[in-house]
Amino acid sequence: MQINTNQSEHKDNLLLSLISRYHQVRQDSLDICAPLEKEDYTIQTCSEVSPPKWHLAHTTWFFESFILNHYQPDYKVYHPQFDYLFNSYYETVGKPFPRAQRGLLSRPTVEEVLQYRQYVDKAITELLEHTVNKTDSKLEFLLALGLNHEQQHQELLYTDIKHIFAFNPLRPVYKPRSYPSIQPPERYSWLDIKAGTYNIGNEQNTFAYDNEGPRHRVLLDDFSIANRPVNNQEYLEFIEDDGYKNPALWLADGWKHMNNSQCHHPLYWEKKNDEWWYMTLSGLKPVDLSAPVTHVSFYEADAYARWCGHRLPSEAEWEIAADAYPANRGNYRETGLLQPIARPEAPDFFGNVWEWTQSPYQSYPGFKPLQGSIGEYNGKFMCNQMVLRGGSCVSPVEHLRHSYRNFFYPHERWQFTGIRLAKD
Amino acid sequence: MQINTNQSEHKDNLLLSLISRYHQVRQDSLDICAPLEKEDYTIQTCSEVSPPKWHLAHTTWFFESFILNHYQPDYKVYHPQFDYLFNSYYETVGKPFPRAQRGLLSRPTVEEVLQYRQYVDKAITELLEHTVNKTDSKLEFLLALGLNHEQQHQELLYTDIKHIFAFNPLRPVYKPRSYPSIQPPERYSWLDIKAGTYNIGNEQNTFAYDNEGPRHRVLLDDFSIANRPVNNQEYLEFIEDDGYKNPALWLADGWKHMNNSQCHHPLYWEKKNDEWWYMTLSGLKPVDLSAPVTHVSFYEADAYARWCGHRLPSEAEWEIAADAYPANRGNYRETGLLQPIARPEAPDFFGNVWEWTQSPYQSYPGFKPLQGSIGEYNGKFMCNQMVLRGGSCVSPVEHLRHSYRNFFYPHERWQFTGIRLAKD
Amino acid sequence: MQINTNQSEHKDNLLLSLISRYHQVRQDSLDICAPLEKEDYTIQTCSEVSPPKWHLAHTTWFFESFILNHYQPDYKVYHPQFDYLFNSYYETVGKPFPRAQRGLLSRPTVEEVLQYRQYVDKAITELLEHTVNKTDSKLEFLLALGLNHEQQHQELLYTDIKHIFAFNPLRPVYKPRSYPSIQPPERYSWLDIKAGTYNIGNEQNTFAYDNEGPRHRVLLDDFSIANRPVNNQEYLEFIEDDGYKNPALWLADGWKHMNNSQCHHPLYWEKKNDEWWYMTLSGLKPVDLSAPVTHVSFYEADAYARWCGHRLPSEAEWEIAADAYPANRGNYRETGLLQPIARPEAPDFFGNVWEWTQSPYQSYPGFKPLQGSIGEYNGKFMCNQMVLRGGSCVSPVEHLRHSYRNFFYPHERWQFTGIRLAKD
Amino acid sequence: MQINTNQSEHKDNLLLSLISRYHQVRQDSLDICAPLEKEDYTIQTCSEVSPPKWHLAHTTWFFESFILNHYQPDYKVYHPQFDYLFNSYYETVGKPFPRAQRGLLSRPTVEEVLQYRQYVDKAITELLEHTVNKTDSKLEFLLALGLNHEQQHQELLYTDIKHIFAFNPLRPVYKPRSYPSIQPPERYSWLDIKAGTYNIGNEQNTFAYDNEGPRHRVLLDDFSIANRPVNNQEYLEFIEDDGYKNPALWLADGWKHMNNSQCHHPLYWEKKNDEWWYMTLSGLKPVDLSAPVTHVSFYEADAYARWCGHRLPSEAEWEIAADAYPANRGNYRETGLLQPIARPEAPDFFGNVWEWTQSPYQSYPGFKPLQGSIGEYNGKFMCNQMVLRGGSCVSPVEHLRHSYRNFFYPHERWQFTGIRLAKD
């Protein structure tokens, strides 16, 4: 999680491009929210979801708290209580406002949050203009971190808006569109990888999160991995074979969770007149059988794989297999579809859906978290969560890397999560 | 709950005045919401509180569901799902949307709800204009009921907005104002009433709720009742005498509730630098010692009375004692204070605070609920709740009567509830 | 709740008979537990139920805490922590052990509890022998109170053992027996009572609880009351008419409770091969259609009455109607049936089932609780509960009186509760 | 999880020794329960704990369900409902009785459970006597599995009895004894291990659980590992340095759990007059500062290690380091201490406390669960739990192996769990 700062001659350009990138990323957040009504900004439909207004404010607080408060000598915080209201989980900064109550705050209003954003954007711009001739790799890193952080929240904006809209019986449409005509799905095929000692993890010559390194050796046996994620047609066979009712297929915690929450299909699916429909960011649509299945938990992914007689890949297997393919092609948010679709360009490792691996989220050997409160960014979550790889249809393309590690609890389903099979 | 319809000669005037009153009451709801931001309309800070937007829509649905659907032949409902979304608790009409999730709906927007109101207002006006020459006492009654219903929700709008604002650490101000200078409180005195057989309950020559009748005889022993509600100075003595820590003063359920919820002072009170402050609709203010204590539960009212060596009045005692005084004078919402204050005009039975009685909310002898779904209005709540009398600083003056029976669960505190003492 | 102590000449006999009665009542508790295995004594199947062992210890603690500690000069408590473990709810005595955790204590063992009983019995006997020549009406009262208290717990022993056994899939039998052959039920008839001013409540010349007095006047309108409780045949018609699915019949809190707890028949009923069975203290038996329905909540009683077009009686109506019939005849525990049965001897007001009235449990006018901690016995429960009258098939006959007021929360069903109808 | 069956010539002896071992292990369970009172056998003080009676019955059911029902042709199950009552979690066998309600069953009594054990023991003995001349490696394996399973439950019997006794304010003593005199603790030292490719996991020539294999290669960097577990003196420094109040030391889920459950010291610790005491199977004792700290969660172990600037070992590191030392020496249950103690014989990897590793419990590469319902034994728990190594003071010595993998949820503390440090 360091950026290489040996190229000091390109300093000016780097900072100018940082300013430009800063404004672009900040504007992206506003663009994502553009279709919303004021009322949509304050809702929190479950504790994992945050109100869109909160995302806009929290990402701003991140720049204020970790950059302006340290680097801008006379910086005056915008509001004395925003440090409480918009701190997400940085316990060493101060006690954060309770997460499950974010949807109970009507104030500050959206308008006030937008003013807060402008105030901080102005201060950041001034800070950058004044440090443009100095070398400060830590500041550059923090700025890059703040922008990557904001991109993560942009992805959450999409998934949280989807949850908020799907909860509403009126089924609002975020962005009207029709999806491409539905093609009959082709069977996935296997990529075979030889046993050996491989390297995974990030070299960290360019920006990467701390949790992606250090780069290190792993031992792998022979394995095969599917050339694309499981699609809805394939998943439907599991449903129709009563996969949700067969305890032999499920992890103990998964079986308990599924029964307690009465889940018998992916999130957002519903049956109308014997046909499956699902909620999309374009409203309620018939399930596209050719598209990758999404909004499944790790438990469902694992049970599906066991039903097939296969398994999920480890994150090392995934990374080695994906290494041969470019990370910057795929159904990312830039396609504007905001929904997974069948892609002929297999092998297809990036975009569409975050793929559950069988790897618990843990530190790599020799991992050191960042110093200070920013060290709470990733490391403290290395327990009880599973690694997902590959990005989704609402991830920005420039945000992804081969080494990128996403992580969620095994029961969570509101992200665009999917399934890729592997076998020995 | 019937209106006397013998005066047919004044039919035209009556209906014209109904139309005028209809528009006035409907406008009042909008006026109450005028200071709100769009974001304030969707919040539900606890399950008893409803989002202001919901109140605006539900009161409209009431007219649609109980009047337009029955009296307007070709009436087309505004939206097919509003019957689900805005039904409060009329189980015989259909399954209502879950109460605790009212704050999870961003749509319909405020703007859409206002359009819904206009649509229904237009239809009601047309209906009234077409029936102006016909006698239809049931329609007149339902209209009166709908308007009284809306007035009840206007009171809830105030108390719910207060709860929403008080929950927010930014402590927003609904309506800025300073309160009259604080006077030293005078001791309350006792009104003595002789034993005897009295009549209570409503004659129902004019509009009244079904639960206020039939008028019937009650036997009372000699009793005395305080000439005004308990004030904050008096209540503070109870707090400072560790009244909240002495189990001998509390009902068993009250002691359990207080300990579980860690309540040691009225709702909205907080101590800053050793001084008591409380949240008002005008923001955080020092506690006015001369004003009636408010936002106390029945349990607190009962414990306070026991601490004094007195008791709460029964609702019959309250009504007999109040009968001598006019119901249309008092600190109602029309004073604009929206907060209880000391009043020299004792005996003072009306306005300021709803006064907990020791009477469980039950049917009067011979009570018959209204026919049909509208019968769910009052009767089905006659269990587990306590009767309160007298109206509050956010009740409209024309809404109150000597026979008016309000009712809440004994632990509830978000209404403007207070304490009047009685003794044998 | 005072006993008349003017007859001092009969002092000796009175105390001797008290000693004898003391030993009888104390022995009764042991006799009730005789069929139990050691393992049955420690179980608590829900928070309302207490382990049988706890009842045996708590009733003993009552004598120790309220009599021996005050009257026996050198009394040494049996165990310093029993005051904590076996205090039920006397908060002014000290913090009681949490009620819901009574079933988590294996120690003291049953054997140790029996030794505790012997220790206290010996001390009480000695105390009485030494005070036999002195007049101490308060001690006599406390002794009578302790014995009545123990009788109440004897009833709870039966109902709690029933709950413990019914919970167990093995369906253990407490006392094997077959019930009398089932007779076809006769229709109930109505007793008509004239309007007037009546007196209810206890004169308190002999032992009665404080909550039964003072005797006072009540005003009643004309009413009729059924000559016997509703039987299973009659209740089954309500079930089969989908009474449990019709919201128009239910109080709001009842409807909510029934739906949350998925109750669609009385407690302990189950359907096997299209026939209704229920658990009794003699094991699983076919439902006796002629017997009074039992194990219903107030909500069910109220809904059933509404379905009939009738209502429940008030406790004053019940007492006035029952006054004409002896309280010491009925299917009490002395019949050994331990289950309600049809009785030809109508009107039948006593024994069989506790009859829900429509009266919330409240103080009578002029009620004063006992002084000191013993004042917590009854008064502090006068909120949120409903009055029941008449005793049950597991009440001791000598425990009941016309003025006897039992009280439970409206949702509770594990007592032998039933339904008597009334109408205007 | 297979046993080598090539040595058929020793068949007779093997089976005779199996019968002997069967009776020994079965008797051990009874011996562990010998100090209990009947009342102790039915209690369940939290959902993780099972009543001792349940352990005795469930281990018996295991033999009945997985051996007798399949191998004994005319076997008649002891009781038709025991398959429901004593199935722990084998969903493919049938729906198990709810785990959290095991403590609500008074029947079958202890006596009846002992009869059940005798019935099954007799049937198993007969089965073995009749198959003694045949080769049936699967039966032998299942028998070995049943006995190892029973040994696991023997360990649970100790920890569950401890929990049951510690919950009771009377603090019963399971086995009175005084512990050896307390020695001043010596500082732990480091064992240094070189980077390299190592083999871990079980060869499975002799009995091992399926989760211990297959044996496979792992890559390790240079690391050091402490020669003994952390002791109470060392852990107390963490407490006194406010380690429980410093969020920077804790995993996010750990911080949340600790705050929700208000844990600020190991389970069973309490402060009396400024001194730390803890509950042991010999009653309440002063904390032995020299002894290994125990009853800590993974979260506490991880936070402690971070406070030291070190980390927990991975399970591979632990196994490689422990490989040099015998698994059959240590403070196991055979010492009779039933409590961890300081041991001079460092390096000390076995007995005393189960040591939390940083490894989530997962399948080894190429893992295949057992066929059939017995496959639910281990594999389905491979999510959300952490691996512990080394055995404890209540494990039987013959039960442990270098490759043995225990697993619990990271918040659990009622086992004898402890901490071993490692560093890069």
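We call the chains A, B, C and D, going by the order they appear; numbering starts again at 1 in every chain.
The criterion applied here is as follows: contacts are C-beta pairs under 8 Å (C-beta built on N, C-alpha and C of every residue); 3 or more make two chains touch, one makes a residue touch a chain.
These numbers come from a predicted model, not from an experiment.
Enquirer: Starting from the defined contact criterion, work out which chains touch chain A and chain B both, please.
Expert: In this structure, no chain contacts chain B and also chain A.
Enquirer: To get from chain B to chain C along touching chains, fewest steps?
Expert: Each step joins two touching chains, and the minimum needed here is 1.
Enquirer: By mean C-alpha coordinates, which chain is most distant from chain B?
Expert: D
Enquirer: Measuring from the mean C-alpha position of chain A to the mean C-alpha position of chain C, what distance in angstrom results?
Expert: 60
Enquirer: So the centre of each chain is just the mean of its C-alpha atoms; given that, what is the distance between chain A and chain D in Å?
Expert: Each chain's C-alpha centroid was found; their separation is 38 Å.
Enquirer: So how far apart, in whole Å, are chain C and chain D when each is placed at the average of its C-alpha atoms?
Expert: One centre to the other, that is 47 Å.
Enquirer: Among the residues of chain B, which are close enough to touch at least two other chains?
Expert: None at all.
Enquirer: What part of chain D is in contact with chain C in the complex they form?
Expert: For this pair, the touching residues of chain D are 37-45, 53, 81, 84-85, 97, 103-110, 164, 167-170, 172.
Enquirer: Under the stated contact criterion, what part of chain D meets chain A in this complex?
Expert: The contact residues of chain D facing chain A are 89, 91-92, 197, 217-219, 221, 247-248, 250-255, 298-299, 302, 358, 360, 362, 365-366, 375-376, 380-384, 410, 424.
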